[in-house]
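Next up: some structures, all given as structure tokens.
Below are two complexes that have chain A in common, paired first with chain B and then with chain C.
Now for the complex of A and B:
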């Protein structure tokens, strides 16, 4: 990854340049994280005075593995992440292939598809609430006008609300996948295609036997990265239905947030945070191993 | 001849498909922007109106009458201050990763990567508890700290790449001329990595501007940023969607303008980690 021979090996000098950033990070990320871990071993709840000093060991973690709501939230999150990212990859590949084929004006199209991923996720949630409002939303109007076999109320049934959230995420991130895959496609050497054409392969064979195998690493890495981001979803379900109907769209970050800020069970929420943190770090190690191998 | 015509047809179809895809994708967004300029009767008209008398009354009502301008100011303050701090702290560190080698590099880089992967709720909960204990909830300090916490690692990662692209021979030449490393960093590397710095700053600014969860937890009545204040307009007794649309437009349009200004770097920043 780094060409070691060119770099200056001077510990004191490096320390001086690194010090400001890492000194601050120590206080604003590392210490808060350690504080969370410590708190997860206590019984701190806002409703019980003095409970922040009551050490209870791993009781929060034990409660966690018996918490059906927690596992339901994990299930919802995994379903949400898996479906959203899978569809984003498929749409991304299709759009990237088409963008790669067109001879001119590619820049205009890539600019236009940058728009969704630049919009604040909170605004995306608001925008879809508005767009699909049963009384005056354009979506409902179109569905009624053309008598399409689609629901007009999207917030009252668990499955429909979850699918709507997936569509929002796909709306936001499928264009991003297209941009990633486009740069991947452009890095494939033309000779692979020439060789395939000389061998008399048709379009479909070239796609499955040349493009996809060569794109596999980039699909895996960007899919993993996107999945890790998607696991942290909060804004869109918060604003769309607040996790409802019931808790049908209560993804894990929203579940944790509610434990902390509507139940005020700070220690229990801390235990959740520790579990989330470890999960993401494990995925991060996978990600790093994978990109290292590619390099 | 036939192959050529076949090819042309294919290309035309590709363009049509792309145009349809983009129109379809941008429809909800365009709809929202249009609504922000509609009077109340037009916004709720059935069938929906595409042509109408444009008005700025939604903007006036929400920003002036309801005081959203205060939240706009908060968003700008938090964004500018946190980005300035991030750049001042981050640039030297990114430069050091690009030029010097120490045994701690791997640990430090992994630490940065780890903070990048940490869910915001995991960072925000302890910050909330610490801030409430020392009485810093609902202060600019609290929310700026939180925004520095997630933007700083990002800035170092992104800037390391831009400093790598500045030829090392230039530093060496400056060193021969008697420049200190710090002076060489300030007067040579920073000015040569200018466009990268601009792109990184824009990136961090957008992250801060769009951020919701931490602001929701750490700000209050006096420091709420725009994303935190908008949900307050959505009420069970009736939502003034025209005003929601107006604020949403003000949140999103500047981002798009800045994103297009640094578009080339924007794509590389966005795809960082996914593409080499």
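Now for the complex of A and C:
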């Protein structure tokens, strides 16, 4: 009996401790989320008076399924996320390996490579805009001066514009990956390497058979987290290309923003947000399952 | 509990003390101009040189009326968002707003703004304000919706032709041009001539221009091509001039008409003679190119000319001539003004009107005209002392020829479609014909149930 009573008391205490956090989350997350879902079932368009009361059920979701621009935007976003995160992982591993091998100046380097990550994405977009300006930017000057076989205009061609955005993201986030991987490398016990060396493994074999398998969980988790963050990209394309040329760099958040704040189709934009939210939830579940499995 | 109550009381008093900041209570005065003294007037305007010029004069208004003016400035794209969100919230965030005139229909139909006619009928309080001294067409474009005035002009602008006068008058260039094309180098009167000039002046680094070797490449024309309103507005000049239009005379969609397609094809082809990166350019980059002197000609908004003729900002002061671009089938000029509007939920509409009377008074408008602003008072265009402004005469003619874009509530969505499709055509992702057909299809969806458009 005593035990049960203690359990109830513990639960009450736990509830009291959790309540403030739950209360805050309720207001800042759950209520806006439910409101967004409700909005997505209406035909609310700021340019049409009274449209906020026009209930249309799942019509916005059905329209979304038939919206070619939405699917193109999804495709661009997935390509952007996949390439950016993949390259960030590769560069991150390379930088981490170098820093791990060269302890000299490691602290200064690790601090210095954090700088891109600390700059607001909007500022990065602006920086690259100035840097790559075809007439007055340093980039075009260097390309012209050394007659490099590179395009001087980075926003004219769809593929080049998208690749430039990927480079911006990689520049910003590869250092973060490097730091995470460096901590992972440093946590690998030296015994593994000693055993491999005794067995006669060379450097390449040690890397592929020891380092990478032991780093796999940390690579997967940080990659997944970055992918979730990258899916929400908005600032850099908004500033750098505005989604163009055409809609070649219109990632899903930019597409949603345009629906809501330039076309004022709030309900349709809400439906997009709900779909994006569900996608992120699915990714989140994968992430949780993965980490639980590893634990 | 007691402590909590005391804390709440202190918090409430503190909040009121700080939130109040400035008293909203009007100070009673016998002078009618001072009757709203102590009121705070909240405005939102685009962040540009015109707003800065108006802001610099605002202390005069504050001294005259005792009204405190708070101007919130935002970039072009953000102004409409902020205003629309303020309208929807209905909290009276702004007493006076500045907005592009094409949003008039949207604002009126939604009941966001109020008629200014009751104010116009009242007695004027500001000396120098004459409600009859106005250019009717500009007032109508900015404020008239189905016979009722909802606003006044604010920042007026229209598009015209800017060209390098010094190069057009250069004997070597003239001789070379004549030899190559068989006619005199002059302000173009046909679109073929416009293209010829663009082609003629497009030169590589190291080639000669006016007898001097070029330190960097030089281009025939400056253009906007970004997925942005600037591109749509610029292209609409070509569209009208080629004989195309968004709607036909009956109000049905005509954007896929052969003449419109031809106009878009011409625009796309012309980008060959523009500085690289057309797809990322708006009127801002176009102004910079003109200021830097790397282009021979452009069709631009006349409100960018003051900064081209400003020695603090431009390398090309006095080198441009201003005129009308080729007439084609119809001599036109894209009107791009902004208007002032009093929101329905404004907390101080009378004070807002007082501000408008002051803003539209002769001395204020004249002062602004001298600083690169285009006034809406008819009398100022007869003021000969302003004729010395290099772009003044061409602006007057352009205003007379100006054509407005549609002001219907759906225009915002239509413009968004045009931005995408024109940008796709420029990027080579679509042909001009595909782009125009797509625009027509999208317009049909956007305007479902609203066709034909008989009032715009």
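As a convention for this text, the second predicted complex is superposed on the first by the 286 of 295 C-alpha atoms of A that agree within 3 Å, B and C clash if a C-alpha of one lies under 4 Å from a C-alpha of the other, contacts with A are read in each partner's own complex, and residues count from 1 in each chain.
The rule is simple: a residue touches a chain if its C-beta (ideal position, glycine included) is under 8 Å from a C-beta of that chain, and two chains touch if they have at least 3 such contacts.
Treat the numbers as computed from the prediction; the structure is a model and nothing was measured.
Touch criterion not met for A:206: it reaches neither chain B nor chain C. When the two structures are aligned on the shared chain, A:64 is found in touch with neither chain B nor chain C.
Within the superposed three-chain model, A:143 lies out of touch with both chain B and chain C [touch as defined at top]. Set against each other, chain B and chain C differ in how many residues of chain A they touch, and the higher count belongs to B.
Of the two partner chains placed by the overlay, neither chain B nor chain C lies in contact with A:214. By the touch criterion defined above, A:160 lies against neither chain B nor chain C after alignment on the C-alpha atoms of chain A. Contact with both chain B and chain C is seen for A:261 once the two complexes are overlaid on the shared chain. Shared-chain residue A:196: touches no atom of chain B or chain C. Contact with chain C, but none with chain B, is seen for A:247 once the two complexes are overlaid on the shared chain. By the touch criterion defined above, A:135 lies against chain B and chain C together after alignment on the C-alpha atoms of chain A.
In the superposition on chain A, the residues of chain A contacting both chain B and chain C are 133, 135-136, 261.
Residue ranges of chain A in contact with chain C, taken from their complex: 46-49, 133-136, 152-153, 155-158, 241-248, 258, 261-265. Considering their complex, residues 77, 81, 84, 88, 106, 109-111, 225-228, 275-280, 288-289, 292, 294, 409-410, 412-413, 416, 420, 423-424, 426-427, 429-430 of chain C touch chain A.
On chain B, the positions that touch chain A within their shared complex are 10-11, 14-15, 17-18, 21-22, 25-29, 31-32, 35, 43-48, 88-90, 92-93, 95-96, 99-103, 108, 110-111, 113-115, 117-123, 125-130, 145-146, 148-149, 152-153, 156, 168, 181-182, 185, 206, 209-210, 212-213, 217, 227, 230-231, 234, 241, 244-245, 248, 251-252, 255-256, 259-260, 263, 266-267, 270-271, 273-276. For chain A in complex with chain B, the touching residues are 2, 4, 6-11, 13-18, 20-22, 24-25, 28-30, 32-33, 35-36, 39, 95, 98-99, 101-103, 105, 109-123, 126-131, 133, 135-136, 138-139, 141, 145, 171, 175-176, 179-180, 183-184, 218, 221-222, 225-226, 228, 231-232, 234-235, 238-239, 253, 256-257, 260-261, 266, 269-270, 273, 276-277, 280-281, 283-284, 288, 291, 294-295.
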